[in-house]
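By letter and in written order, the chains are A, B and C; residue numbering begins at 1 in each of them.
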Amino acid sequence: MVNEPIIQTFGLNCYFGSSQALKNVNIEIARNEILGIIGPANSGKTTFLRALNRLNYLQRSYSQTGEILLGGQDIRTINDNLLRKKIGIIFALPQVLPVSIFDNVAYGPKVHGISGKETVTRIVEEGLKRAYLWEEVKDRLQEPAVRLSGGQQQRLCIARTLAVEPEVILYDEPCSGLDPISTAKVEDAMQQLKADYTQILVTNNTKQASRVSERCAFFLMGDLVEIGPTQDLFTHPQDTRTDDYITGRFG
Amino acid sequence: MNEARLKQNIAFTVLGALTLLIVIPILLVILYVAINGAGAITWGFLTEAPRNGMKAGGIFPAIVGTILLVIGTMLFSLPLGVLSAIYLVEYASDNLFTRMIKLSVVNLSGIPSIVYGLFGFTAFVILLHFGTSILAGSLTLAIMSLPVIITASKEALESVPFSYREISLSLGATRWQTVRYCVLPYAIPGILTGTVLSLSRAAGETAPILFTVAAFYLPRLPRGAFDQVMALPYHLYVISTQVPNIPLSLSFATALVLIAIVFLMNLVSIILRAHYRKKRLW
Amino acid sequence: MPAETNDSTIRTSIKPQALALGFYASMKRLWRRISEPIIESCIRLSGLVVVIFVFLIFLFLLRDSLSLFRHYPLTQFLFGHKWLPISDPPQFGVIPLLFGSVLVTLWAVLICVPLGVGSAMFIAEVAPKAIKNVLKSFVEILAAIPSVVLGFLGIIWLGPVLRDTFHLSTGMCGLTGSLLLAFMALPTIISISEDALTGVPRTYREAAYGLGATRWQTLWRVILPSASSGIVAAVMLGIGRVVGETMVVLMVTGNAPAIPTSILQPLRTLTATIAGEMGETVGGSEHYYALFAVGLVLFVITFIINFVADLFLRRARK
């Protein structure tokens, strides 16, 4: 389907205890694309996202079958720490550590062994710039990050993810708590990052999906119903369920 | 007033009376010891060694001994307790082994203090050849203190928001890095509070040190960890039961000093708790 | 495209200083890779340590107890009516000591359960907020008083008072011990009961008030029953505390290891026996091992009490 995909899943089934969150998901994700994932609540979108960087295993009842490949390599053979470095994630509600803005972004490099004040400062600055946050915080890097607004905190999360040099960035409904201006800034950042990173965006907002993504996947109750170029999905969906969701017959 | 209301007033009054029946004796006990003991508390009493077979002089070596035992207890119980708590909260999964550990903590907290004394005697004094010493006494008190420290540390660790761990792990940090940078620093206040509380109890314990460290009349201070030492609780026990003709005021004064030290440590723990609750970052 | 290997670093240009820095950095990484598994092993081991200690304590007690039972029959120990360690031949029957512990505990429980549960109810449901905190502080103060101080006060004050009130020959009797022990168990009972009472869901209260019940009726008929598991656990833990207490009983209950016929007589508990006689034994003698056997009995009793109390606590938490 896709030439040289960066991520592939084969027969992915995800379970929390006895309830199944994802059923037999087969998907290929191309390098440097922005893939949108849409669908109503509880359709497995977040579960899919968190399966890619194995964050689902933080829940003790979680289990999964099937394969996930990153760059052709089964992610079970990759160390968790390395995997999560390569695949970063932005959560729905901005979550920052109770330390300064600088230290929030510098935390990632620190745990991966990068030291040296100049090096780290440069990485932090680069990350903040690429997240479109540098101008707003450059004079107050030592202030506590919790004092930033919601939108700023979310961009801070992007900056700290960028600081560890991932290959893939996952976004789990990142703008759900943000005002339109902050949302626009996040979406701008995503467009700029496209050149260097593969991005997967889970969103409840179909308009955002059509703005930002090139391909889109529709999940419903654990099934991957349909996937295709965004405009095609929205104008001529192949499956009636997709059509129903997009036209708002359920949501 | 209807019948239900009347019943309520009677019932609540009875409950209040029961509570008063507890509160008043507490006050009386403290006042009784304070009034009768304060007279004998002189600077000399606190800083001099005992003389004349305990009939005169001070209790300085006992105070020093108690302090040394508290320090020794902390040295052994704090690291072990905190690490165990870290295991239970951050590393353990929900299996039989974990249930066994939790059950063991509960059991350890219920073992009578004299049984600890027996264990300490046979394990540290005899088997490991430490002899009756500060080392043996501290180790015994440390095992006794473990459950409290583990429980307090567990609570402190669990109260740190889960999001901190999630952030750290999602950036690729290892579990230990997550604990070290994103969890432990914020749990330290709670751990500290629990530790001080646990040590305040250890300071007042007599049974565990009966056969493991305590000596009665040791006018000189200990020179090393393998020395015996006087201790305030043991001292009070002996002068109340086995030594005749000690002026009563000295006994009261000893009791007062012991209570004061224990209360002081409790107070420190309470102040720490209040202070950090205000400074809480979440 | 930023795709790195495991040891990703931002490469500065290769100068000699950079080489040295690089070496230092790789040493640090190596240290990190070695130290982390070591630290994690220590953590896992620490989890094990508590279990090991419980086993060790049990094992040591068992070992030395068995040394007694090699020569002295177990049935005589468990069911013998006389505890006479220095007679010839010595007799090591625990029944008098068991009776002493049980009697003292029974009376202590009679006193501290109504007092403790009653105050817990008062603190949790009746007292206004300001007074509630003061009362809780008092309970914490009580918990902090060392047992040896209470024993001292028993000798100096309570004993003589009871002696004069009941016209006894000595104030050093079971009742003195029971009163003091009741006092000591109160903080345990009060704090756990209070937790249980405040843990009852608000919906229960609101449902009761909605039906027109007074606060007392709600407390007595709704809250108390639903907190019952927790309160039972509190009482059991209080009992465990009383059974395990040593110094108070050692100092005030007299020194008569005979089966007590009344609480106003001197008696001996299991704990006091160990504490009082250990100093007089010779290591390796029968008496020495007998005291360990008594310790084993204590261990088993408190183990059972705590185990059951924990079951009730678990039930209460659901």
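As a convention for this text, a residue touches a chain if its C-beta (ideal position, glycine included) is under 8 Å from a C-beta of that chain, and two chains touch if they have at least 3 such contacts.
None of the values given here were measured: they were computed from a predicted structure.
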item: Pair with more cross-chain C-beta pairs in contact, given A-C and A-B; value: A-B
item: Reference subunit C; chain at largest CA-centroid distance; value: A
item: Inter-chain centre distance, subunit B versus subunit C - centres from mean C-alpha coordinates, in Å; value: 13
item: Whole-Å gap separating subunit A and subunit C, where each centre is the average of the chain's CA atoms; value: 51
item: Centroid spacing, where centroids are CA-atom means, of subunit A and subunit B in whole angstrom; value: 49
item: Subunit B, residues touching no fewer than two other chains; value: 174, 177
item: Residues of subunit C touching at least two other chains; value: none
item: Set of subunit A residues in contact with two or more other chains; value: 82, 85, 112
item: Touching residues (chain side subunit B, partner subunit C) in the complex; value: 4-5, 7-8, 11-12, 14-16, 18-19, 21-23, 25-26, 29-30, 32-33, 80, 83-84, 86-88, 90-92, 98, 100-101, 103-119, 121-123, 126, 143, 146-147, 150, 174-177, 200-201, 203-207, 210-211, 233-234, 236-237, 240-241, 248, 251, 255, 258-259, 262-263, 266, 270
item: Footprint of subunit B on subunit A - complex, ascending; value: 53, 55, 58, 60, 80-85, 88-89, 91, 95-98, 107-108, 110-112, 146, 160-161, 164
item: Residues of subunit C defined as touching subunit A within the complex; value: 1-4, 6-10, 12, 21, 25, 28-29, 32
item: Parts of subunit C lying in touch with subunit B, wherever the complex brings them together; value: 36, 39-40, 42-44, 46-51, 53-54, 56-57, 60-61, 64, 114-115, 118-119, 121-123, 126-127, 135, 138-142, 144-153, 155-157, 183, 186, 190, 214-217, 219-220, 237, 240, 243-247, 251, 271, 274-275, 278-279, 283, 291-292, 295, 298-299, 302-303, 305-307, 309-310
item: Sites on subunit B touched by subunit A in the complex; value: 93-94, 163-174, 177, 181-182, 186, 281-282
